[in-house]
Structures are given as C-alpha cells and as structure tokens.
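Think of it as A, B and C in the order they're written, each chain with its own count starting at 1.
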Amino acid sequence: MERPKSTDPLVTVRDLVFARDGRPIFRDLNLTVARGSVTAIMGGSGTGKTTLLNLMGGRLTPDRGSVEVAGETVGSLPRKALFGLRRRMGMLFQSGALLTDLDVFENVAFPMREHTRLPESLIHHLVLMKLELVGLRGARHLFPAELSGGMARRVALARAIALDPMMVMYDEPFAGLDPISMGVIVKLIRELNDALGMTSIVVTHDVVEACGIADYIYLLGDGRVIAQGTAVDMQKTDAPEVRQFMAGLPDGPVAFHYPAPEYLDDLMARERP
Amino acid sequence: MSWDLGISGLGRRVIGGVGRLGRATLFLARLAPALGVALARARLIVQQLYMTGVLTLVIVLVSGAFVGMILALQGYNTLVRYDAQSSLGLLVALSLTRELGPVLTALLFAGRAGSALTAEIGLMKATEQLDGMEMMAVDPLPRVVAPRFWAGWIAVPLLAMIFSAVGILGAYVVAVGDLGLDGGVFWSQMQSGVSVTNDIMGGLVKSVVFGFVVSWIAVFEGYDAKPTSEGVSRATTRTVVSSSLAILALDFIMTAFMLRGL
Amino acid sequence: MQAKGMEFTVGLFVVAGLLALAMLALKVGNIQVLNAGETYAVTADFNDIGSLKPKAPVTVAGVRIGRVARITVDPVTYRAIVTLDILKKYRFPRDSSASIQTAGLLGEQFVSLSPGGSRRDLKNGGKIRITQSAIILEKIISQLLYSKAGHASGHN
C-alpha cells in the first residue's frame, strides 16, 4: 500500500490561525501536500475542512500564518496574480456548481472560452476528450437540471480539469452519492490524478473511500492536525481520537453531548434562563 | 414601553435602509469597470437582451394596447363634456409619452424581468455557481452581472417607446372605430400639441433613468442576497418593492424638473 | 443555429423599439415642418398675444407653413414682437395680415396669416403691419359685464 512519495510539496500550510465570526477554526495548523499525491483531509463536521480549501483557493485570507501553493503565498497575492494561480487549480464543489443556463458541453467549455482563444474545433475536441475521461461524452447536450447528483459531479470534474490544472481540490466528493456513483468518483479521482500528473486534495469525512485512494491522510480536530500518515498508519494507531473517527464510534474524546448543564439540574429548573 | 420599541424599530429600519443604499452604491462603483469590460463581449449582452427584453415584450405590447384603449375611453368621456373630444389624440399621446409609457413599462419590467434577474443571480450565488466561477478565475461581475445590467438598461427605453406607440395605436382604434372620432383630427391634434424635444425626448430620458435604476436594484439585490432559498425569495420581493418606489419617486422629481423647463 | 435565431429576435426587438421611437417622433410629434426646408423670418407686433408660445404653428388657410420662433417685448411701445419662421416656398404679399387664434375653445393658440394684394412680397426680416391680437375670453366677459353694469346704472 506504500506509494512512492515525492518530497517536493505543492501546498504548504504553516502555523495557520483563522477565526470566523469570532469563532476560532484553525488554531495552529501545519500540513503539506506532496506534488503528485492524493491527499485526504479528514475530520468531523465543522472542523473547517471546506474553510481550508477556501484558504488554499484564496477566497479567504489567514489571520496569521501562511498558505503557499506552488511557491506563492496565496493570501497576499494581488487579484490578478491570484486569478492566474487559480487557472492552475481546479475545484470541485459539493453541489457541482455547474452553470444552470449552459448545457454539459458548454459547462466544460466554459473555462476554455473564458481563458483561451482556442478555435472552436479545438475546443470541441478538448471538451469531448474531458467528457470521455469522466464517461459522459454521451450526455453533452443535457442541462444540469437533467443530471443526477453523481453525473453532475462528474461533469464538474471534467470542467475542473478542463485547463489541465496542476491540482484539483475536491470538497466532499463522496457526500450524498449512491454506492455506484461513489465508486465511479473514487476511481476517477485516482485515475485522473495519475494519468494527468495532477495533485489532488480530497476533503471528506468518508473514512473507507479516503483510505482507499489517499496516499496520505490528515485528520483535523480542534483547529489543528491531530493525526497524519498513510491509510495503514491511521488504521494501526491507537490514539483515541483517531480510533473514534476511523471506526465511527458515537462517543469518545469527541463527546456525544453538546456541552450542557447536568441533565437533572436542567429538568428541575422551572424557568428558562 | 411599546411606543419606544416602535420608535427604535423605526430607527433600526432607517439605519438598515441607509446601509443598504450605501452598499448598493459601493456595488455600483465596483460594477462600473466591469460594465466597460462587458461591452467588449456584446454576445453576452445580446443573450441577456433576449432573456429580459424580448420576454417582457409580450406583456408590454398587451398592456400598452389596453392602457391606450382605456385612456381613449376615459379621455373621451371627460373631453366630451367640454366639447373638446378632438383633443383626444393629444391627451392620449401626451399621457403616454410623458408619463405612462416610461413609468408603466418600468414597473412591468421590474415585476417581470427585474425580479427574474434578482432570482437568477441569487440562485447562482446560492448554488455556488458564482463561487465556482471565482475559483475558475472568472470574475462574475463582468461575466454574469454586467451583461444583465446592460441588457436591462437598454431594454427599458426600447420597451417604453414600444409601449407608447402601441398605446397610441390602441387609442386610435378605439377613438376612430368605436367612438367615431375623425382619424385625421386624432393625428393632427396630436402632432400640433406633442413636442418632440420636450415630450418624446423627455419620456425617453425618463425611461433611460428608470432602466438604469431598475437594473441596478435587480442585480444588486441578487448579488447581495443571502445564499439560501429564503434569502433569494426575500431579495426578489425587495427588488419589486424598491424598484417600484424608486421609479415613482424619480418620476416625480424628473417631472417637476421637466415641467419647469430643463 | 440556435444562436442565430436568438440574435435575429433580439435584432427584431431593437428595430421595433427604434421604429416605435421614429413613429413617436414623426407621426405623433411635430418634427416634420421644422426641418422640412429653409425658412425666412418676419416679425409682427401685437397688443396682446394671449397665451401664444414659441414653437406654436403658423398657418395660412389652416395649413401649417411655419412656426413661432421668438416672442419679445418692444421696450418703447410695450407691444409684443413675435418672430415667425416661414417656409421659403411660401411667399406672402407685404400687406398680409396676422392674427392670433385659438384652436377650439380651450385649445392651443397659433398665428394665422391672411394674404393681402400687394405685388411685393415680404422679405426676410420684414414686418407684418396689420395684426389682430388674441381674443382673451376674460376680457370679453368682463367687458360684457361692465357694459351691462353701465346700462343698469345709466337707467337709474
């Protein structure tokens, strides 16, 4: 299960501190994503996984610390340079975020039309090639409203790789899919990563899928990395937080109960505070 | 106890309203450079003109014809008391070109296309389409917002002219066909009394202003909407309410200036 | 194909809007006489112009042949000087007369010309000497009332 790991990091997060609406989300986060790898970032709901992707994409800026992608400090880039960097990143939103007024073909062609002056015939070939990769060449005339959730995500994936990015960020790519669609996405992430020589960052809470494809896994909790390693490392560890998450135990270091006064006191209290 | 709650509620509303106006103005300032960029891609504007202008055309045609016919009936009823029914054409033409054409068109546009614009942009926001564009290094202001703004701004004056023209034709049909007025008198009275520079151009200026304001409100509300289905529906309502109020208030101000002579 | 249809429809829409504007300007408005040809200016003095306004029509035999260009007051005689722009193709004898009339009871006021019999025509900058002022309804009514009152008091 050991994969050769490149030592050259594409993404480096250093001493990241970030709060939203006064609520600290990252206290002191450090992680690196190796070039060419599939890296999974896992954690329970509300641990800031999506926020981390937004920080990497430059849609949020860190309060302290830095996020570097391909040698550039994302948070401090001027808009033009940031847009230049984003052209080399793809992002797959949970909802797909396809443009509803364009059909599948035009959705995949969208980044090409916006950023290149390629002739129409070449765009046609490129779009069909990307759609072929995700197996939806036949669905090119459908509109997003006519697609199932899994298909929409595959189209969004074709669009994310339209400009052959150096990295693709996946926001909960497995959420809400039936087992078959899920299997398709799992296979696609791995295959596209290796075939196109990309780097993939997968944010997810699906343990099995993440372990199945990730070269390296970070487990977030309490605003920092609480565990990291390969899938095998993660399953072998006996740190209680990791065990609870990996095995899906309802109670453990992450309490089942939201912080509350004693049950009995609460019941006895007549008046609401 | 309750009255001072009412007063502070009022204060909160005023502060909220002024805040919105400020944000809308800032938004316009951000949109301004995008408007120039969007002009270079006329295709997108044409697409939006099709969505907004052409789709509003039908209700503008129908309403214009009805308003003209109603004006003819009502106007005739009043004028005939003073034996001045020969001025019916003039009355209809002045009412339509100066007031009803621009104002009713703008109100119809706000209800039909303005609300749709807000809902569309709001939904694009709620479904992460705008975020998606940002991540694809595409700025949604010139790509999504500016073409819609341009299309609205262009469509309203065109629709207002069509409204007035159709209204006058509708009035003509009723006046000559039903009320038995002489067609020649209808047109000649109109021609002697309607001034191209004051009345028709004045109406055109009004509709250009209305087009700008309605489009501005519609795209701002959409862009500013909370990205939830409730937020979008609230924004849609706000577009219709604020544009209607803005249209009527601006109409009053512009009419006051125009009647005093520009 | 689909885009062509859309472009065509939008084009049609724009053309319809411009046609509507053209109709309003030409058929509803009074743009036609203004620039339909060159004009020459003549003046006419009136004791009272009523509510005559610039751009009001100038007619002969009810046909429109020009418009009122300017209205000023003579600082010496205190009479109103009305400048009329008349289309060049219509020539008028020097002894033509001008009167201010009202279209209908409450309608707009305009200048009506009646041609005279002179052999020589009015030239640019010429002056119409015979004029009839506007009939002002209130004056007629008050005259009527005062004359009635005069009659009544005369009897007593």
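Structure notes:
As a convention for this text, contacts are C-beta pairs under 8 Å (C-beta built on N, C-alpha and C of every residue); 3 or more make two chains touch, one makes a residue touch a chain.
Since we're looking at a predicted model, the values are computed, not measured.
Closest chain to the protein centre (all Cα atoms averaged), using per-chain Cα means: B. Among all pairs of chains, B-C has the largest number of C-beta pairs in contact. For this pair, chain A with chain C, the centres built from the Cα atoms lie 78 Å apart.
The distance from the centre of chain A to the centre of chain B, with each centre set as the mean of the Cα atoms, comes to 44 Å.
Centroids built from CA atoms put chain C at 36 Å from chain B. With touch defined as above, chain C holds no residue shared between interfaces to two or more other chains.
Contact residues on chain B toward chain A in their complex (touch as defined above): 123-124, 127-129, 131-139, 143.
Within the complex formed with chain B, the chain A residues making contact are 57, 59, 83-84, 86-87, 89-91, 93-95, 97-100, 110-111, 114-115, 156, 159. Per the touch definition, chain C reaches chain B in the complex via residues 6-7, 9-10, 13-14, 16-21, 23-25, 27-32, 55, 57, 64, 103-108, 110.
Those residues of chain B lying in contact with chain C across their complex are 46-47, 49-50, 53-54, 57, 82-84, 86-87, 93, 97, 157-159, 161-162, 164-166, 168, 187, 189-196, 199-200, 204.
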